[in-house]
Structure formats: structure tokens, C-alpha cells
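Next come two complexes, and both contain chain A; in the first it sits with chain B, in the second with chain C.
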Partner chain A sequence: MTDNHLEDKRAIEIPRWKGLLHFLGIYAVIIVLTPIALIVDNDFLTFKNINNMLTGMQHLLIVVLGASFITYSGKMADLSIPFTMVAAAFASVFFLPYGLLAAVVAAIITGIIVGGINGLAIGHLNLNPIIWTFSMNYVLEGVLRLLFEGRQIYPQGPSLENFNAIANYRVFGFIPPVILLAIVLGCGLHYLMKHSRFGKDIKLTGSSEEVAKASGVNVPLLILKVFVISSLCTALAGLSSASSLATANYSLGNAKDFDAVTAIVLGGIALQGGKGFLSGAIGGLVLITMIQTMMSAIPGVNNYWQAIVKGVLFITVVAANAHFSRKAGKV
Partner chain B sequence: MSATSAILKMRDVSKRYPGTLAVDRVNFDLKPGEVHALMGENGAGKSSLMNMMAGSFDDYEGDILIEGKPIQLHSPAIAKNKGIEMIHQELANALPLTIAENIFAGNLPTKAGFFIDKKILMENAKTYLKQVGLNINPMTKIEALSPHEQQLVEIAKALSNHPKILIMDEPTSSLSRSEVGKLFEIIAQLKSNGLAICYISHHIPEIFQVADRVTVMRNGQWVTTDNIQHFTPEKLVNNMVGKAIGKTKIKRQNKAGDIAFEFKNLSRIGFFHHINFNIRKGEVLSIAGLAGSGRSEIARSFCGLDPLDYGYVCKDNKVLPIFSYKDGLDFGLAYLSEDRKLEGLALDQESLFNAMSALNVKERKKSSDHERRDRYLKLAEELGIYPVDPERLVNQYSGGNQQKILLAKWMTTQPELLVLDEPTRGVDIGAKQLIHEVIGQLADSGMSILLITSDLPELVELADRVLILHKGHIVKELCSDFTEDSILLAANGDLS
Partner chain C sequence: MRPTIKQNKIGDYRIYFLGMIILILSFVLTDNFFGSSNIKSIFDTQACLIIAALGFTLVMITGELDLSVGSVLTFGMITFTYHANHYGLFIALILTCFCGALIGSINGFLVAKLKVDSFITTLASMIIVEKLNMIITNAETYTLSNEKYETTMETLSAPLLGWQGFFLSNLVGLVIVLVLLTTFFLNATRPGRNLYLIGANEKTAWYSGISSDFYKMSAFTLSGMMAALGGAVYVLTNSSVNFDEGSGSLMTIIAAVIVGGTSMQGGKGSVFQSFIAIFSLAALIKLLNLLEVKPEMITITNGVVLGSVILYDAYLTFYKKRIKGQRHELLEELNDPQHIENILREPEELEEGKDMQKNNSLMIVCVTAIACTAIVAMMVLSINKDKQITINIPTHAAYAPAPTQVAEQATVAAASTDPYALTSIDGQPLLPRTILAKDVPSPFNNYKTLPETDPNRWYDYEYGMHNITPRNDLPKSPSDGPQGKKIAILKIMDHPYFTAGEIGAKKAADAYGIELKIFSAQGKHSLQAQQVAQVITEKIDLVIIQPVNAESSVKLLKSLHKAKIPVIVANQRTTPEGLKYALCWSGPDDWGNARKLSHIFVNEMGNKGEYAIIRHNEGNTCFESRTWGFVTEIAKLSPNMKCVAKEATKLDAEKTRLAVAGWLKQYPNLKGIISSDDGDTITGIKQACEAAGKTGLIIVASGHSKVGMDNITSGFVNAINFQSAETDGALPVKLAADWFSGKKIEFINYLPKAIIKKNNVKNFYPAQW
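Let's turn to the complex of A and B:
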């Protein structure tokens, strides 16, 4: 009885506004920030500006959808995202002369191979995900520069028009196809993460690998799958980047790893794993894009400031997260 | 009393934890040149008393006198200063450092106040190593040593502080027989140098080899102190266990069914060897043995959690191909871990999620979230999980409720054989009673239960049959009329 009495004291009634805030999460910040954005930039909510923002974030959106699984599974981040994108871009452009399908399949296979190697190393050999993917990024860069002798390549062949259309066509005249893909992919992946058996196993593994093992989860296999999912998405983003740039170059993935993990953490998928929603990560990306757009609209603010703001934002969120979870006795 | 006066006296000391009185007005004294053994079952208060001596508590009640002078033993630093050193059961050496660096950690001899004086360090280290009979280069890294040698280094480290009192907590738990012999020689040597040694161990035969006097504790209270010559193993066990009062068996229908599983020749080298037994449907079988006898390891291995070197599990005369824990679950086995916090529950997740996490792995087709919720609410009511809030995080529950959620987690998988490893560790008395009743009901429903517990009253209350495990071998089977005494004696390698 004394035991239950203690519980009662600890059960704190959550006020309604806090519940609402908890439900909205990162979107609450977006709602608050929108009027400010309008003051800074009167054109902020114009059709053209929104369209620009969507186009600007479309590749990263696909990356974020996949990379969220890595963070959710407790493996923090994939730092080989930049050159996984580049590798997929080169593969698709290289195989484009054999048709659009060949290009897409080449990108997908590239994603599966890179994700498979990452997943095996991190899941089966239990290597540190940050160190491994960090190194993987450099190895991929070296391999690609060797294979293509350091040159960038350009799409050509009979399917060139279709390839260009991936990023440049507009459904109903205004929706980029990649955004449509992201919506379909996002719904599917959300279901996978939150409502499938696999998703529940990822949540358990992300929360505690030891508990997952002692509950019968095949943790190495699960980690392998997670990395393959992530790299597949990254590869698709590489393909769409190549399409929008009409070239495969070595810098199209620059900083995409950091941007992705910032969006994910900002959106409430904690680095400790097992927490958060895919919709949150998307919100995080929207917020970053908003901030970038706002900053570029302020006269006299250099582009380099954006990097500083993103870096500080990331550190702040991670530190705040760690602070509050320690306070709640979770770490 | 004897001519030599005590160096340490504890008078009416008590230590209170929230909700329990771990040490209850205990008197204890230590004389120079004696080995004084402290005995008792799990939870008897030995560890608390010992930690009190080592200065771990600043809130104990009662008086402690060292060499006749009252002293406030409120921090480990004070204890060290007064010449009290403790050798912990778990070795606390810093592995990548050398022996010498470990011995003089925090107290390294220096040249010109900055550079380490290697020569003096070597010489000093050698003198202390000699005292514990170690003839090894002091520049050897700790990680290159065997557990026994590491322990000797630990003792050398304690000796380097010139202690008057040495507390040894289960010093033989990781040693082989011959190493135990060597350790006892060293203890005899230290004793003849006038050191007072407080010796804690579960191993009763050892006590008769090494101790001069014995103090027995039970339920936090002092029971008796006497010279070892006045004890027999039976008398010692009697004192430790006490009179069984009101401990009745859980009411059971007790219809022993057919054989559910057979375990043949199970071996994991270094842990357990040639384990043969079977378990019937609706039976509560217990594996009893001292900590480190390989109890948990057997269960972990046959379930598929840990490797198994030889042997197999049979059901209906067919060998079950178990290569992973998932296979074990599929064949109707389940293992409830003794470490709730590390392996049992994801503490920062919801109770509903945790309770369904094993089912999620086992079931072929995912049950809907709605079904799961209903199932959980039913179980929560059955087990008395309070408050019944499926979204409440596990770490917001008390230990007793957490243990119930852990039990629920494995009950959902509806195993044919449920292994319960310390099912009531760190649980309040009410929750314990309820868990015992549920275990009885599960067995009555036809489930086989393999109970692994250090809690002897619990074992006697629940088990239908007991296998005694000693150093990785099954040495005895007790089918009926077993008592705490007979189990404890048998687990110590049968002294009668």
C-alpha cells in the first residue's frame, strides 16, 4: 500500500496547453515563427516562395525519411550520406544511356550495397556507427574519384528528357514529383515505424539493445535492415539531385548528413533512440528551411551565417535533450 | 573474553534505508590477529554492516569505537585514515595501468614533485607484492593478470596503506580450489602480523578453514557470535536460516502432468557441465546453488540467449533446433532476466509497449494496437500493476510494479516453460506475495516453471522439486521434504 501511495504523489496532472504543445511538437515552433517570417520577408507566404522552399528541400526530405530510422534505432547518424548520394548520382547518370529504368535501378542497387556494408559492420561487428560511416564516406569518395578519374559526368542518351523531368516536371503545374514521392514514401515509412512489428522492434532496440536481445530481437539483422532503408532513401535523393543539377558531381551531397541529423533531432527523434515521430523529423526540416529562407531575405546577412545558425541550433537541441532526460532520470 | 582487546567495536549500530531497517542494533567487534567471519543469508544485512565499517554511510545510528576511541565513520576517507581497508568482491583495478601504478594510485612517488620516480615505485611495489606472495614484475599491466592475481594486487594495494583492519567481501568467489588454498596461506600470514580481518562469505566450508570467530546475522539482526570450534555446519546453517515461521507452501492443485521438456547433457565449458534433467507440465522446478554456480547460465544457454557447447533440449522425444533466442521463444521457452534494468525493461518507454515487446517478437501476425491494449489492461488488473496507465513510462513505476510489468511481458508470450530468474529481487513484500500467487496459478494452468532464486524461503514456498547445483554440476535432487537448511547444506557441497 505504501508503494501505491508513493506512485500517487508522482502522478502529476498535465495541463491542457502543455498537452497541446506536446502534440504539436516542432510544428508549434513553425506556427510561432511564420508571422515573424512574414515581418522579415513580406513575400514569405507567396506561392512562389513556398514553391521555392519545397524545391530547395525536396532531396533532403527523402534523405531525412530514411535517416530517421537510424536515429530511431539508437545508431545516431549516418555520416556517409554525402557520398552515398554522390555514388547513386554517378551510378544513375552512368547507366542512363541504357534507359531511365536502368538509371533508377543502378541508384537503388548502389543504396542497397552501401547500406548493406554499413549495416553489416555496425550491426554484426558492433562497430561505432559514427566512426564507421565517417570513414565510409571517405572510402566512397576515393572509389568514385578513382573510377571516374575525378571528372563529373553528364546525363545523356535517349532517356535524357525523362531523367531531367524527375526534378523539373511539375505535377498540376506546381508540385515537384519528388515531393509526391516523399509523401507516398513518408506514409509508408511512418506506418513501418509506428505500426508494424518491425517498427516496434526498432523502438525497443533504440531504447536498449540489451533488452531487445533479451526479448528475442535479432538485433544485427534489424540494424542491417535499418541501414539499408536509410541508404536506399539517400540513393533516391542522389538520383533526384543529379536530375535537378543535370550532372553528377562530387559536391551534390555536401553537408546533407549534418542537415539531415539536425532536422531529425530538431523534430524530436532523440539521439538516444526509441523516441519521436517521422512527422517530427519532417517538421524539423521545414523549420530549418524556413530559417534559411528568412535569413537569406534579410539584407546584409551573409550565407555563411546560415551554417553558424544551423550548428548552434543542433548543439542547443542535443544539449537541451540530454539535460531534460537527465533531469527525468532517464540517462 | 580473551586477553587481547578489540581494535574495532560496534555498539548497537543500525542502518535504515527507506522502508527497511537493514542493520538493526547490531554489536560486532574485531580483535587484532583474528579472522572474524560474518555470515547470513541474502538480505541478512552483512553487506550493509560491512559498508558501514568501510565508511560508506554518514547516517548510521549507534557507536563505533576504534582502539577504544569513539569515531564518526562517515566517509571512506575517514575509514582509510583509521586503517580500515576493504577488498571488494568485484575487482576495482584500473585495467590498462601497471601493477605498481595500481598499488600507488593517487599516491605515486615523485622526483622533483612532478616526474614519477620509477625506481622507488618499483621497489615499494615489490615489497607489497612479496607480502601477498606475488613474484611478478610490477610493471606488468593488470589486464594481463588472472583474476586471482588481480585480487592479490588488490590486497597489496590495501596493504600499502598499512591497515589495521582488512574487510574481505566474498574473496574466493572467482577463485579455483588451489588458489583458495594460497589465499588462505596469505590470510594466515597477515593474521600473524596482527591484522584484524573481517571475512564475508557464503561458502560454509571455507569458514571452517579460515575463520577464528563467527558472527551470524539474520534479517538485519545479530544472532550469535562464537568461536568457530563451537560450531558445526548444521548449527551454523540453523542460525543463519532461523526457525521457519508461518512459511506455508502456496496452495496448488499439484497435478504433475507429463514430461514437457527434457534437457540432455547440457554443457557450456567453464560454466556448467553434463546437466541432465526434465521438467513436467504444471511443475515448479527450482535450480538452487550458490551465486556463481551456473544457475542462470544454464537457463540462458538452453533458451538460446547464450551459446551452448554441447547438449540439446527435447520435447516429445524430438530435439528442438534452437540457434537463437527467437527460436527458443518459438518453441515455447521464455527467460525472465534477473537484471530488470539492464535486460528486462526499456525503462524510458511506456508500460504497454514494454509488456508487449516480447509478444511483438514472437507472434506470427501482428495483433492490433487495440487488442494489445485490452490484453495489457486485463493483465495489469490481474497482476495489480498500479497505476494502470498504459502510457506511463516504466521508470516512473516502483520496483515492485516494474517487476510485475516484466512478468506480464513474458506471460503474454504464453510460454510452455517459463524460466524465472530472481523473480522478486528488489520488490516490496506485497508485490512479492502477489507474484508468488501468480506463479502458482501459472503452474496450475499447466505451464512449467523453472525457478532460479537466492531467496531460500521463496524457493521452499514455491518449488515442487529442487536440483542442487554446485560448481556447474547437478549434485543432488530433492523431491520432497526439503527445507532451507537442507538446501543450503547441499548447495555448499553437502557437508553432512
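Let's turn to the complex of A and C:
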């Protein structure tokens, strides 16, 4: 055994369990919560219930996958998610008579356009992301209501069956196809975030934009790409929402922006940027869905309390995060 | 050239320029913008926002954001109303300020002490307070009790210091005093100036001995307090409040404060400019309304204004950074062509100079181009309202031609045809020939003590409108026929149902030769109040109004009556007192429909079993009818059947799915579900049933949109009730036309009823909406 002083001189001795906790992140909370859920609701882990939960979170999952990039890059949040979803829903339903492929392409193009505008404004012109996306939301709403005269449109055409199947078919009886898409997308995006050069550049930009610029990262282009990715995912979520509701209406995306940010923050991706894992964001979403499902199984609790619990959870986690990072000296 | 200084001047005082431009435009483009009621109505509705904006500006000056102002505004309204009714004006005021300050201090604590980003904190508190509002009010409308406060409110609304015809009321005068006080505080006192320093450079402020934590907390506390105070002011001018009254105000406040020159990085701003900004933006929107611009354009305008202003701010920051450390004299020399010839030896410096110039002008060109395009697009789209940019939604063979074509056919067959021959898109007759009368039992008092399942408990809701005798001083009919008359329709909101109603109204109006002007209140009472004020200043022959808020609409009806404009109330309820001022009421018979549907439901359920109800939105007219109409009728027909659960799910598919999934677990014997709406709720129920593998539930729903009818065709839903959106819009127009011709009209006009089941659903395609 070599007498290696370096091996013994670990700066901080981290106890085994803390390391495990740190590794698991939000999943530790899920593991702790599962027995409680089982007590509240006896068949929490049955296929039926898992189908229930997966159905509920399928659209938001795709949104979260994309929106994590925005948070990871330090640009906090994208408040134009609701009407990007609606725009993509309208575009895809409008083009459905020309085929399913046309619908999907229409949604993708909508996502790219909106993401492009957002990314240019926030990346090149350095505008405040919250206020810009907030205004963008309003503008999108007005434009859509104008274009479609305030009506809602219904999917029609020869590909109607396939369109409906997007949200309603179940693989093996309990997995929605959107979840499969999310798994594939998630793997791809995780690789992008953690192992590619692009991802590392985002992490750097999130940690410190000045340093990133000085290191030669093309920050405006990077932010543009990040927003395009996010809006693309949001558009796909809009497409699947339209399929699920069998209509494209203006309230598809209500509150989806706040839900997405809550899931991301709960999952350990700090709002300042540069920290966290994509799997954390997914874990955050699973946690929220679990809590919602649990609460709806208790008689007498209506959906307002669910929203309050979400809000309180959100602010607790963020406050705790901020507090502990301050303590650790990394404000 | 010294671009910095000039730019700064314009940048700082831009709001005054903007305000002037808007005022000049309004003077030029309209003839009676400065009529006192226009300006007065602007001030009245914006007074509360002005106060909230004061607090918001304070927070922005310190460099933070406070997104919770909208929710705290509503919270202040609710608290003030409740306590004023129970304890008195003064105590209510103090309590409201205290509560607002409390919320603000929590925000401040989180931001200043725990160093949480202000956006996140206030976003979370906004959502939490919003939900709290809903829970506290239980979704009722809170009204300030008239007897106690009528005189106070009148004094407050009276013209300032008795100057008749002046456009400021006493209340607004008080608000302006508050604005001046705050401006004084900010500019002339040390704590005020410290706020600026903290926003500009926090580190320097800290080193100068200013406890920035304390100041930030105070700024948030003040912001919360002022938002709540603004809510109280709103109640004093409007007398009743819904739980979501302040929902759109966040956008207005943010836009106004930023347009008014407050920088988002902090350190710059002025409350007086915010005040001017709110007024100017409100005037701009009023101007657009007067120019008959479509309501969607106004939403876009909000966004575009905000977007262009922050673009300009960013450009300014960028520009400042670029010229930081430059020396103007040298730059001047470089730009002098004489000088350039003399220093031909150093081409790099020249190019640098030119580059900087080019970059600057590029930015200026970009910003100007975007702004110009936006304005031109707005004007073009607004003028083009007759030749609408319609999108012909490609239709499948089984579906009828696009609505615009049908409307044209109806117009072509216009004034000479019988209006009764008109049809809606689905082929059903547009106008009923006869109005079914309703059996009204005698009035019942002391109903509050009755159990909920007793129909008499809900007598006021169900029959309240029937026992009204209209006043005898309503306008008399001119008896010269409907041709050429102008009618204004004040819609409640932009929902596809009401859009279909608009189509029906247009068809009927074209048949009668009536000119229509349609406004949408976007679900906000304050907008509807402004629209009423606008309608009064124009030459409108009759108003059809869908009240946003039953209690608040009484004031609007009174003012229309004072202006001698006849009114028809449609689709939504108003209070019995308000209905006295109307010629008649027209709309769906929610209670009758619910009872009819209950018969079918009980039949299908075999007279026994447990059922649950998905309720409509709180505050909506059909909230009570589509719950208690069902419950009381089923209790009468079949006392064995038990309602085990009812929940309002905001008509959202996901929330409905969660609720129903929970019910399926808690009540395994659940046999049937009644839904107050047949759109997304049915989708939610279907998903929940499929996930749980539960089949054979008896489902009935109110309403007949395409989703509902498709589900009848597929067999998932057993029955829905027919409620023609187009007739809902066309019937008031017909009643107006009849009134113009001097014919007698019924006071309460219900839409035709029908039950749609699988055997007759084909007759109702294509769906109206």
C-alpha cells in the first residue's frame, strides 16, 4: 500500500449517507414519500395508478425537458410557454387535413419560430428574459385570437385516427406514446446537457456569463439554440395536448409555465443556472404529480389546495436552496 | 457629436413625449375624446392601479421585481370589502394596509435576507395569494354594503372640490396627492435617495453605511401595502368585487412602470412618471377602442409596447457600455472628414470608429424598424376589419361550408327575407317563433333555512328575475322599425361560445338592417365599465349587455338608463334591482335545462345509485343552476339517489381527470357523473375512466359543443342538452328589432330547449363551436 498523503488529505470528509443523498437528489424525497402514498391510497403502485400519473404528466414532461435548458443556462424561465403550446396546437390542428406529418412539421416550425424570436431578443439584445417572454405571451395570444377569429378548431381529415392515437393509445396497456417520446428525447437531451461541448458551454454560461464570453463561447448563439430547443419541446407538448383534448383552444397552456418552473426548481436545477441534472427536473415533475394524485385521493380536498401546496413547496425549496448556497459561500 | 447626453434627455423624459403624442393623436383622430366622461372613466378605473404602481416603482428602483402586485391588489379589495361591511371604514382601511404590508414583508424577507431571486419569490407569492383569494371568498362576489357607504362613495366620486364638469373626482384627487407625496419622499428625503443608490450599485450603498437589507424589505412591504390600498380604492369606486378582479393588472402595471422610465436594473425611476405612464397607456387603449380596433389588437398592443420599451432600454444599456470610457473629443475628431484625411496613416483606428458608428446606427435602425412595423401592422389590421383576413379552415366533406360563406348567404338573402327562415350552421332555426313561458311558483321567503336539496332554497336564483316589474320611465319605442339602427353588444369575454353567438347576432342584424358594434370585456368588469362609458358618448340606439359581474353591473345599467339608452340584458344574470332598468332579458334557461336533463339522467340510472357532479366556474351565472338544479330535481324524482361528490374543476381537462380519478377510488359504487360543461371536462372524465378501467358510467353534460356531440356519437356520453350559441346571440337582436317596431316583447326570453341523445345527434352537426 503506497503511502500516498494526497489520498488521505481530502478537504472535506463527506459521510457516506450524505453523498448518497446528494446523488439521489429529489429521488430521495420520492422514495420517502412512496410509503406515505401507499398508506393514503392502497393501490398507489398498480399499473392503473401509474397509468393515471403518466397520463397526467405526459405533456408537462416534454415541456420540462426543454425548459430545463433555459433554467440551466441562467436565463431563469420562459413565461411564454402557455401560448407557445396553444400556437403549436392550432398550427398542427390546422394542417392536420394535409396529413399527420404536415401537422407535426407545422408544430415544429411554430416552435422554432417562437424560440428563435425569444432567443434573439434575449441572447443578442440581452433583454430581461422574464419580461420579454411575459410580453411575448400576450402578443402570441392576441395574434392567435386574431388569426382564428376567437374560435377553437377541431382536428379533421383522413389522419384523424392517428392524431387521436398520439395521446390516447397505450403501449402495453399503460404507457402513453408521449412518454416513450419523452424517454427518447430525455436521453438525447441529457447527453446534450452533460456530455457534449454544447452542454458544457451552457453550464459555463449559466454559472457566469462574463467568464463564458471571455472564454470564447458565442453566448448569443448559444442562448438562441437553448430557446429554440425549449420552444421546440413546448410545441411538441402543445401538439400532444391538442391530441388529448381533441381540440385546439386557448386555455391549453394555462399555468403550464409555473408548473414547469416548479418541477425544474424542485429537481435541483438552480434558478441562477449552471447547476443540476435533467433527471432532477424529471424527478421534480414526478414528485409534483405524486403529490397531486395523492391529494386528489383524499376526499374533500379540492384542487385549490393542490395549487397552494405546489406554491409553498416551490418557495420553500428555492429559499432553502438560496440559503444553503449562501452558507456555502456561493451566492 | 455628443450622443450620450442627448439620448439621456430623451430617454429620461420619454414618457412625457409619449403622453403628449397620445393626447395629440386622440385629439386629432376622434372628436369627443376630451368629453368629460371619457377622461373621468379613465381616472376612475385606473386610480387603483396608480397606487399599486407607486409601490411597484419603489421596488423596481431598488432593482427587484414584484410580480405579486396583481394578486395583492385583489386581496386588498376582498379584505377591505369584508371588513368595511362588518366593522367600519376606518378599521377596514387599517386592516387592509396591515395585511398588504404583511404579505409584502414576507416577500421582502425572502428576497433581502435569504437572497432568493425576487422574480421567483414574487411569482410564488402571486400564485399563493391568488389561490388564497379564491378560497377565502368561496368564489362569491363581495359587495360593499350600500346603505352604510352610499354617501361616502358619492362624495368620493363627486367632481373635485365641486368643480362641475371637471374630470377628476375627489378620490382621484386624493390619489394624486399620494403620488405627489411619494415623489417628494423619493426626491427630497434621504431615505428616498438611498433607495436609488441601492438600486444603482448595491455594493457601494452597503459600503456607504446604508443597510440595504432593511431598505429592500421596506420597499417590498410598502409595495404590498400600496397594492392592498389600491384594492381598497377600487372598491370605493366600484362597490363590488370578484375574486379575480385584479388578474390583468400585473401586465398594465409592469408595462406602465417600465414605459414610464424606471429601469429594470434599478437606480432610475420616478413615481410621477409611472403615474403619467398609466394614464397615457389607458388613454392609448381608450383611443384604440374609440377607433373600433379589435380587442385582440389591444392585447397585442400591450405586449408590443412593453416589448419595444425594453428593447429600447437594452439598446441604451448596450450603447452606454460601448461608449464607457470613450472620450468624446477624440471621437469628434475622428468623425471630422478633414481630420480623417490627415491621419490616413492609422486606418485601424478609423475603421474602429466607423464600426462603432455602424453598430450604433444598426441598433437604432433595428429598433425603429420594429416599432414602425408594429404600428403599421396595427393600423392595417385594424382598418381591414371588414375584409377580414379569414382563414378558410379546410373542411371535411361531411361538414358544412365555412361560416363566412354561410353568413354571406344570409346577407344576400337579406332585408327581403323572413328572419325566421335564417338558420345556424347546424341547420337549426336561428330564431324561435315563440318564446316558451315558464311556470313561476309564488315567491318563497325564509329560504336560507331550507336544506340544499329543497328547490325553494334556490328560489331567488331560479325565479328571481321573474318577479320584477320594470320601471315605468324606461325609454319608449320610436316605432319606426329596426332599419338603420345602431346596436352595441357588450360581450362578456372571448370564448368560442360567444364568438359563435356573435355570428348569430350578425346574421340576425343583417336580416333586420341593423348596424352592430361589438365589444368584448375580456371577463373584466372595469373594461365593461369603460365600454359603457364609451357607448354613452356615442350615438347608440340600444345596448345589449352581458354583465361580467351581476352586482357591479347595476351601476352600469343605471348610467345607461340615465343616458336614456334602452338596454337588453343577455346570457348572464344581473341583480333583480338592476334588471328593473332593462327592457327585457334573454338567454338560456339554465335551471330548466338542468331539470330536464335530470329527468333523462334519473331514467338512465334506473332510479338508483350514487352520482357526482363536475361544477362550472365559480362566479359564473350557471354555477348554481348546474349544480343545485340537478341536485334538487334528482332529490325530487328519486330520493334514493345520492350525490356523493361535487367539485369545481375550472372546466380543465387535467383537473377534471384528477378529480374523477380520485372519486373512482373513493366511491367504488359511483354510477353516474353529471358535468356542467361538455368540452374538456368530458375528455378528462373519459381519460380517468379509461385509466381506471371503469366502463358503463352514466354521463350527462350541459352544453353542446363538438366534443360533447362526438362523445354522444361514440356512446360515452348518454345525453347533452341543446343550447344554441348562435341563437343566444341572435335572439336579443330580434327582440331589439321588435322593440324598435313598437311590438310588445316578453320580459324574460328563454332559448329553446332540447335533449340530444344518440338517436338525434346527427341533426345537430356541424357543431356551432
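What we mean here is this: the second predicted complex is superposed on the first by the 321 of 331 C-alpha atoms of A that agree within 3 Å, B and C clash if a C-alpha of one lies under 4 Å from a C-alpha of the other, contacts with A are read in each partner's own complex, and residues count from 1 in each chain.
The rule is simple: contacts are C-beta pairs under 8 Å (C-beta built on N, C-alpha and C of every residue); 3 or more make two chains touch, one makes a residue touch a chain.
This one's a predicted model, so the numbers in the text were calculated from it and none came from an experiment.
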item: Which of chain B and chain C A:Lys200 touches, first, second, both or neither; value: first
item: Partner chain(s) touched by A:Asn52 [first = chain B, second = chain C, both, neither]; value: second
item: First, second, both or neither for A:Ala214, with chain B first and chain C second; value: first
item: Partner chain in contact with A:Val312 - chain B first, chain C second, else both or neither; value: second
item: Chain A: partner with more touched residues, chain B or chain C; value: C
item: Set intersection of chain A contacts, chain C complex versus chain B complex; value: 272
item: Residues on chain A engaged by chain C in the complex (per definition of touch); value: 41, 43, 48, 51-52, 55-56, 76-77, 94, 97, 121, 125-128, 130-132, 134-139, 141-143, 145-154, 156-157, 168, 244-247, 249-251, 254, 258, 261, 265, 271-272, 292-293, 296-299, 302-305, 307-308, 310-312, 314-315, 318-319, 322-323, 326, 331
item: Chain C residues touching chain A - in the complex, by the definition given at the top; value: 65, 110, 114-117, 119-121, 123-125, 127-128, 131-132, 134-135, 251, 254, 258, 264, 294, 296-304, 306-307, 310-311, 313-315, 317-318, 381, 388-391, 393-396, 399, 494-496, 498-500, 645, 647-650, 652-655, 657-659, 661-662, 665-666, 679-680, 683, 687-688, 690-693, 706-707, 710, 767, 769
item: List of chain A residues in touch with chain B within their complex; value: 1-4, 6-8, 10-11, 195-197, 200-201, 203-204, 207-208, 210-211, 213-218, 272, 274-275, 325, 328-330
item: Sites on chain B touched by chain A in the complex; value: 19, 305, 324-326, 328-329, 335, 337, 342-349, 353, 356-358, 360-363, 366, 369, 386-387, 395-398, 400-401, 409, 428, 430-431
